[in-house]
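Multiple structures follow.
Shared between the two complexes below is chain A, which pairs with chain B and chain C, respectively.
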Partner chain A sequence: MKRYAPVLLLAAVVVAVQLLLGAVKSEFLLTQLTMSAYYTLVALGLCLLMGYAGQVSLGHAGFFAIGGYTTAVLSTAAAAAFSFAPWLSLPAAVAATAVVAFVIGVPVLRLRGHYLAMATLAFGFIVSRVILGTALFGQADGISDVPGIRLFAGLVLTGKRNLRVQNYYIAWTLVTVGLLFAVNLIGSRVGRALRAIHGNEEAAAAMGIDVGRYKLAVFVLSAVYAGVGGACLVHFNAGIGPGEAGVMKSVRYVALVAAGGMGSPGGTVAVSAVLTFLSLRGAFGLYDDAVFGALLVGIMLFAPDGLFGLVPALRGRR
Partner chain B sequence: MSGALLEVQGLHHWFGGLHVINDVSFACRPGIVKGIIGPNGAGKTTLFNIVAGAFAPFSGWITFDGRGLTGLPPHQVAACGISRTFQATRLFPRMTVLENVMVGMHARARHGFLAGLAGPLFTRREEARVREACRNVLDLLGIGDLAGRGAGDLPFGRQRVVELARALAAQPKLLLLDEPACGLNPRETEEMSALISSIRARGATVLVVEHDMSLVMGICDEVLVLSSGRMIAEGTPREIQGNAEVVSVYLGADDA
Partner chain C sequence: MGADQLLQYLLSGVTTGSVYAIVGIGFNIIYSSTGIINFAQGEFLMLGGMISVSLSHSMPLAAAIAIAVIVTGLVGVLLQLAFISWLKNPAVLRMIIITIGLSILVREASLHIWDEKVRALPFWSGNETSSLAVLGARISPQVLWVLGVSALMVGALTLFFRHTLTGRAMRACASNATAARLCGIRTSSLVTLSFFIAAAMGALAGCAVSPLTQTQYDMGTSLAVKGFTCAVLGGLGNVTAAVAAGLLVGVLEAASISVLPLAYKDVVALAIMLAILFFRPEGLFGSRAASE
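This part shows the complex of A and B:
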């Protein structure tokens, strides 16, 4: 099946990179690669929403932060006050993200185009300011000393150096499974319905597609991807700060999806993995946000089909 | 009950202060092709949009196949067995012809988000059924060779036929065609007439809004004439052609 090629390629690259870094004794790089995987999950979810259903979100950092802060609070303050199995905070974080996405999505998805972009942008601002203003969320300091979470079969979600390899695999397995789900969905009746909505909402409705319900469902799904990324990264980093909810982060996710080719989950994963990794390594220095902003402008102007779209375009011109 | 498939009673609609649909009532028996004609601005497309659920009427009611349809949103109207085409063709331009037609079968398939995420193991059988049915529709309309082409890349005349295929894919009980010959050249119009006749021969019921008199007179069993939102005549094409009011209002206005 040709459409599964990106999934298989990703799995192969993930293993190859780990083996290569092990061979050249550079396993410290796995840390940023693991973090990059969790940010890539956000971009992947956004790709379903933007690339297929054609709905913009400039608030995805908000969903990432909701997932992250929920599990952070549950694993620290709440864990000290109540007793429950620590792993429960992960599904709780994802559920919280989904509920917020649902509640926000119902009114906001009535809007289209620029208005939807503005409303989601405002949502991102709200999340960011609520975090900065709430003592429970540590305000500007964020939440630190978040413990690792024991999963199953000896796997622990943590940033501890001796568990670096397994955490790299946990993170990239999640991305691979997320990509597999995305590819499945796109190739199904639901994927066709989403693309139809992107193409023409009136015609989609006339074909029997409940446009409002489909938009809401893909919005929630997309937020869940972000929530999973946020929740896992918090345990890997042992903390989270308000910067994760920043509007520039949301712009960055949009830039990654656009650079990946909008309707290309494989492209989004590839671009996001590389650029996020470089950003985390400090390759863009003080110009980090500027690089992603410039990327977005550049893509919109010169490569509406994404970075990979440039290659055949160049060939075509000759 | 008159045995009508579609029944419209006392429909009224306003756009601002404009009374665009003024007390329109008609019935559509199963198995016929019914035409709605009238000069520009007569309210034909508005009437169509109300039946298709795109607008809720200010007053009046619509029943279809024994069910109340009044005020239902378009996707529920579609699920009741009514398919439509649009005056300005509205294909999904970035999808292939086959995919467009498969979207047309949306209401005839079931699987949702969870099965979609879980993958082909859960969706393969249904997808195979949908794909085959849609290929058959394409073959039926003689455009099987276009299946893999991007819908947006096709010439306009072909897009029209694809839109017809997309509407037929749902195996509708009633087909609403909004000016199917609009923008087609005479040869393409003739082809479109033949296609509609062949669809009708297979037992479909068709309601068609049209400007092109040759198409209307050639394929319709009954014709309804609207002018300024009012019904001014209803009957067979022959009766309509001989109706003095129709000739003055419609044909006169059209020639001007």
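This part shows the complex of A and C:
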């Protein structure tokens, strides 16, 4: 039961925040909270990769962008040319992200340390350059006027004002389910195998763990988290720009995971939700990127276990 | 494509390639003395360019460049002393994240000092319209400056590593730090020195190339990735092999413009890097051991 404490806590906080904002008539804040949920999904996926498989990815914004641009193209240009059920572009976007992650992951995950970091950085760079250079993706302008998507039971994935509360719950339900899945995964046989890989790849292999397959699986899974986040945010924002694929975005996700604690999905969600929300509200002003840079350096120098690792009582519990 | 056009591509490729090579050498110098890949390497070129542009308004060009090189070198030293020197056996992942964070901080500081405008140092000789005829191709004299400065730096570095006591101590430190310490080499100050050299070299290259490609606060990342491509292509830790690798990457990139849209130019170098990492992680000239 203790394992699910972060999930229950998250669900409670999500509901409490909505009720509170409704009570004080500040529901406009739900917009940024919804956006921050989708970015948090990316951080959560990266947390699995960094914290449990011990692999770094400096290209996660690339996966976010692949998910986002796929659904954007499918629901604008492609929807005009062919006819298919609009909701299909969501699973298609996630599938595209997974396929790219698989194809990239097979060779990339053979690399370690600096090589892996640079290879993923290069991947992110290539994605952002391809977007900037391709007319289909709108180049520097990005894609706008992406319609909302009717899901089921009257739920619509859109940024329309009157559906704000509904979309807040859609987004944070996704995060909660993502967290639940992550927590379950970590507690399972797979999670133990991943921790063994993180500790010592050779030893894990000697114990009969198929290191390559596990690493690849987590890599694809964490890309899927990013792809889902990207695809949903595009419909919420009604558009996407090349900035989403930028290297700085990828670095931000790494910063969020580092600050949340690499082995702590709950911590990552907490830190990411708060910092991304503040950043989207413009709380850091001109120093937005600098805040994330300073966070990276500061955390890695003084608290490599993340912000929550600073509290001794919490440290003992993990 | 005519022969003179080919030569034009070749020369422009060699020019950018020599800059990539300098970045790659910077990676190698720091890597061989610390085992760290300094993701902030590209920022040194930006700093060199920015500082010299600002100073060039109030003093002769040569003095502005000299000061920019020294100041950037000291920034390198400062970063190493403040953020890296006191960590004992940090994990690779931790070091990667720290140097990435530092690159962001340097970039953001530059953004606030200088703003986001694109700047350029004046041409070292002549101006933007002057050109020299080389075997039928027309090139800016600045191209010769870039090539000359790069060649000079590589030459000086080779002499330094081969024939001076400090340079040989650095090589000893790179091949086995513990053994070097036992021989009475003060490894910690050599590490600091390696940051100075890498930063100062980067700054000089940044000054040399600024009239041609301009300097902007966010130019560092793509330079770092391409410089790393050269370092890996030549074999990480193999200082001079990065030169050949740099020229190769530069020429391929320049040639790609005649086949692919201009927007994809940056993709070429990175695709080369990924291919090398996947198929020959020890580099074109390196030994297997380098990839471990």
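One rule holds in what follows: the second predicted complex is superposed on the first by the 312 of 318 C-alpha atoms of A that agree within 3 Å, B and C clash if a C-alpha of one lies under 4 Å from a C-alpha of the other, contacts with A are read in each partner's own complex, and residues count from 1 in each chain.
Rule of thumb we're sticking to: contacts are C-beta pairs under 8 Å (C-beta built on N, C-alpha and C of every residue); 3 or more make two chains touch, one makes a residue touch a chain.
Since we're looking at a predicted model, the values are computed, not measured.
*Asks:* Could you say whether A:208 touches chain B, chain C, both of them, or neither, answering first, second, both or neither?
*Replies:* The answer is first: A:208 touches chain B but not chain C.
*Asks:* Look at A:113 in the shared chain and tell me whether it touches chain B only, chain C only, both, or neither; answer first, second, both or neither.
*Replies:* After superposing on A, A:113 lies in contact with chain C but is clear of chain B.
*Asks:* Going by the contact rule set out at the top, does A:11 touch chain B (first), chain C (second), both, or neither?
*Replies:* After superposition on chain A, A:11 lies in contact with neither partner.
*Asks:* So, A:165: does it touch chain B (first), chain C (second), both, or neither?
*Replies:* neither
*Asks:* Identify the partner contact of A:190: answer first if only chain B is touched, second if only chain C is, both if each is, neither if none is.
*Replies:* After superposition on chain A, A:190 lies in contact with chain B alone.
*Asks:* For A:221, select first, second, both or neither according to whether it touches chain B, chain C, the two together, or no partner.
*Replies:* A:221 contacts chain B only, not chain C.
*Asks:* Let me test your reading of the model: by the given contact rule, A:180 touches which partner, first (chain B), second (chain C), both or neither?
*Replies:* After superposing on A, A:180 lies in contact with chain B but is clear of chain C.
*Asks:* Compare chain B and chain C by how many residues of chain A each one touches, and report the one with more.
*Replies:* C
*Asks:* Can you list the residues on chain A that touch chain C in the complex?
*Replies:* Going through chain A, the ones touching chain C are 50, 54, 56, 58, 107-108, 110-115, 117-119, 121-123, 125-126, 129-130, 132-134, 139, 247-248, 251, 254-255, 258, 286-287, 289-290, 292-298, 300-301, 304.
*Asks:* Tell me, which parts of chain C touch chain A in their complex?
*Replies:* 37, 39, 83, 87, 91-94, 96-98, 100-105, 107-109, 112, 221-222, 225, 228-229, 232, 236, 261-264, 266-267, 270-271, 273-274, 277-278, 281, 291
*Asks:* In their shared complex, at which residues does chain B touch chain A?
*Replies:* Residues in contact with chain A: 52, 54, 73-75, 78-79, 83-84, 86, 90-95, 99, 102-104, 106-107, 109, 111-113, 115-120, 123, 126-127, 130, 166, 170.
*Asks:* Could you list, by residue number, the parts of chain A that touch chain B in their complex?
*Replies:* Those residues of chain A that touch chain B are 1, 180-181, 184-185, 187-193, 195-196, 198-200, 202-211, 217, 221.
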